[in-house]
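Quick one: this structure, given as structure tokens, is what I'll be asking you about.
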């Protein structure tokens, strides 16, 4: 229990740190940058009241001290108020509401696919100590070492633009007036088709890491005596491999924490390439238009998502490793 | 039965009895390590009120199982860890605890560690290992340094020194590494050499070589040596005095052969009965079973009483003082106290001393 | 050198040397300046020809010259990011591991928080409003990238320091009276070198990815006349070269980025195998025809039978 | 008790076993021509220092030796007599296929590893580890029967059944080793290989576990190959002992014979490396030098650079294991030493009278009361 409480304490602290960082991030920017953005907005689709509220939010009316700005920021946050998007003129939360499912769906499915297959392949490759892996290595290294967006370009061009196997822009077929977003077959098919290339990018880019990581841990674990004992017991090969894999998967889960934020950041680049209607594409637009409330909102949501994924990985680890359950 | 005589007993100092001031003396050393539990703070009673004198030119062996506190005792003597209470006297003078005094102390007392494969840093040569302490404590001239380092190797019988001085640890055998580790200790010209299981990781055939080297150093350099070991036979071989530790306390001490020939404390008897002995003429009869207690919550009274075949009511209540067991031998056991020794059941007497 | 026995290291190093050479001498040997224009009338990029090996851009700039010139900033900035991040990770990771206790607790929480932050996103937000004189300062850009990249190395170094701290040679050094800074620098750090190398390379890979992504997105603006691989990708994408089939414009810079990444990844892989020999394929018995399998020691009846009669 | 005087029939015969580390040019010979016979119910000790090949030998004969170990020659004949059967079937473990090997493993030949800490699966409960081989080898057993068996096994080694659901890290070192022993005996094998099973334990725990082990052996009648570097312990424990040096068996004989009248200078040196618990304190010298690395073995007898009795011949020719001249009677002694060949004057220390009565009951075997020489010594 103690370990779990400690971890929970860490997550609360991390979340608080992220919220605070988010507050200061924008205030660290050169002051005129913000002023410029706001001044540009006076003509935009935003009401004077909202503009005033925004100016107050960023301390531009300079009546409020930094501390009181900070506390009103925290207060607004607790009420679920992330301000108004300056480029769209709607509450940031509303924008997030439409974008988040796309990103979660994309990153979630790609990560699960990459983790499951990467781990399985890693187990097999490690167990067989096969030379097959050496042939696979340059390919795996390529996917691991190349920035996500370049991989995305490659897939877009080969399978999308020239190959015409999958559509390569948007989240679903927006040009088809018969398509009604919702839980219907044609829409879901369209979503899956449009998600295929972005998801493949994220999965391909991250799977090599899982394969190599799992293979390495598997090789180290196979040198443990308990694996040899399993063989000495006359257990069938697959059971012996199972003993090794069961132990080897633990470091893989804790590696998840190390890589999830990289995967999420990479997915964002991927979304931009494919004009995918998720948080990544949105934050890119926000950056181009200088929509700071939206940027902050997205940043916060992404950080919380990463923290949530880490918490899940932590809980899985505790569930799988009896030693972690022990009070220390 | 219930009036123990402990309070009035004078402090018993373990170790070889020699006239004059001992090179190093420890008075009432106690070390409690805090353990962070979920609720409240508890301590590990690692070393409990030990007084020890190490005269020059003697070897004192500290014998005990793992977790008996013998390694902690050695580290307390190096000041690597700070005692909870108690003090150290070097040549009769109290040892200060300021950073400066501690550094001065490191030139007087050296510790040789158990594992020669990890006590030398693989990235440094033998020369580096030997020259560092020389530079730190003796500040010799440039020309002198090389000669001094080589002479150290000769002193631990690694000769010709040229063959060894520029080697790296991985090029040496276990025994050679342990000799380098000892040579490094000699570089500071110490009065006291503490050796924590110096031979237990070495191959059997080369252990005696290292033990004999320690004996030579005792003789030649008049070092006061503390030999920490779990092997009572090697303690008997090397040491003048054997100190037996159990659960953080000294349970028995005395001249080496006397301890092994006629152990007075039931724990010493247990250790001896369990030790491998190829010339044993009878099947082993283990005196007592079970495992050492938790040091977070040690048993009341005598810490050995839950395992002791002779335990009496008083043993559960009051810790026994160190009682004389003939000659320079003392044992912390109520069986030796005339007030408590059982008079009826003859078979309950620990055999050795009275036979 | 043991390290050169690994094919991966050799290939990785050669590839890397090629790109480093490119970054150093590329701008001097390039046939044209990056912003040199063949003419100002045509708005259609020319495909590769004997005249323009890699073709031209829409503005009729020479792609080959741009590729040669575009590596310098990318490599320099990722190298700086790697160096700064490594310094930070040593400072934080080694202190946390060596001193333990409260220091460790605080520093570990700090690095775990930085691990959870999506670096690229934060970089995007922070870099965008920076004026061009700042974004052309490699130290500033490298430093900001490093701020989002040190935590991984710090975590690994902390774990390793924690185990090294309990090595007997550290205790022995303290027994002869060495002070803590000396113990850290002379006893612990040399033993951390392989891990440090691998975390450095990892950070450089990350730095390249981050810098190229940021310039590709146009988040980092470069002064006119300067070209990087990332800005080439940015301009070519903005000009619609992807859907116009002007592949010669973006494939060369993309391949260069990939090439550097692969070189570094191979190097890292090789170092991993040297640090942990159990990972090498040598133990698979490749080439010898012997197949090793756990729990089934191979039997080759090849030993000479005893010659002497009993 | 099975003593070397009336041994059972052989259960395991190792003939000319050779083991290499690595294949091809880089191969290093780790075991050369090891020949040993283990009889039913016998405790055979295998003693030697690090790098002598004792563990390599044990793992090679079970074919559990890890890469890059390769068996390069010899035979390992296992005379298998499955439980409840009277017929003996001989299997050459080195020629056996995967399935054949799998059937023999654990049900007839089990292993106790040096460190139970590492030999028990850290993420599996004790009951699972005690029963997984039952599932494979005793397919007819129900889950209920397996659980009963697990409880019975734990009780056998003095652990209460409430530990059944514990994980290894929740047990003390001694308890873990007991679980390991219980596991090894689960299928009542005929041979148990023990690789330094008590080295990591404290002396009292070691003694307790060895006592229990010997009692179990008497009850269940399995034979043991006991590997250790602690010759002094082995002499107390084993019926017969083989001494290994640099990959070869250099001496073989009954435990007490070996102790009282060693025939190989290395054995003599080893015996003199253990300080005694009794008697006068005398300075002992051990063996000069250190054990050689397998990669750079001296020519001839590998021991000759450290041997005080070395002859010219020793640096040139490798001695073979044969009956020493000092023992002409019918004992099973062998030693690989040129000093013990015909025509040599054997140094006095290596020609101590072999007691004809050995193995004697322990009470009579003390050094001082050895029987008179039987006249066989020149």
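Details
Order of writing sets the chain letters: A, B, C and D. Residues in each chain are counted from 1.
Heads up, the rule we're going with is that a residue touches a chain if its C-beta (ideal position, glycine included) is under 8 Å from a C-beta of that chain, and two chains touch if they have at least 3 such contacts.
All values reported here derive from a predicted model rather than from experimental measurement.
Shared contact partners of subunit C and subunit D, listed by label: A, B.
Counting C-beta pairs in contact across B-C and across B-D shows that the higher total falls to B-D. Compared with subunit D, the chain whose C-alpha mean position is the greatest distance off is A.
Computed from the mean C-alpha positions, the centre of subunit A lies at a distance of 57 Å from the centre of subunit D. One simple way to say how far apart two chains are is to compare their mean CA positions; for subunit B and subunit C this gives 51 Å. Centre-to-centre separation of subunit B and subunit D, using mean CA positions: 33 Å. Residue numbers of subunit C whose C-beta contacts span two or more other chains: 283-284, 292, 294-296. The set of subunit A residues touching two or more other chains comprises 129, 223, 228, 231-232, 237.
Interface residues of subunit B, counted against subunit D in their complex, comprise 65-66, 173-176, 203-209, 212, 215, 230-234, 236-237, 256-257, 260-261, 270-284, 286, 288-289, 291-292. Put simply, subunit C touches subunit D in their complex at residues 282-285, 288, 290, 292, 294-306, 308, 310. Within the complex formed with subunit C, the residues of subunit D that make contact are 16, 18, 20, 23-24, 33, 59-60, 63-74, 94-95, 98, 101, 320, 322. Listing the residues of subunit D that touch subunit A in their complex gives 62, 64, 66-67, 98, 101-107, 110-111, 113, 115, 118-124, 132-133, 136-137, 167, 169-170. Across the interface of their complex, subunit C is touched by residues 78, 80, 102-103, 106-107, 110-111, 113-115, 118-124, 132-133, 136-137, 181, 184-185, 187-188 of subunit B.
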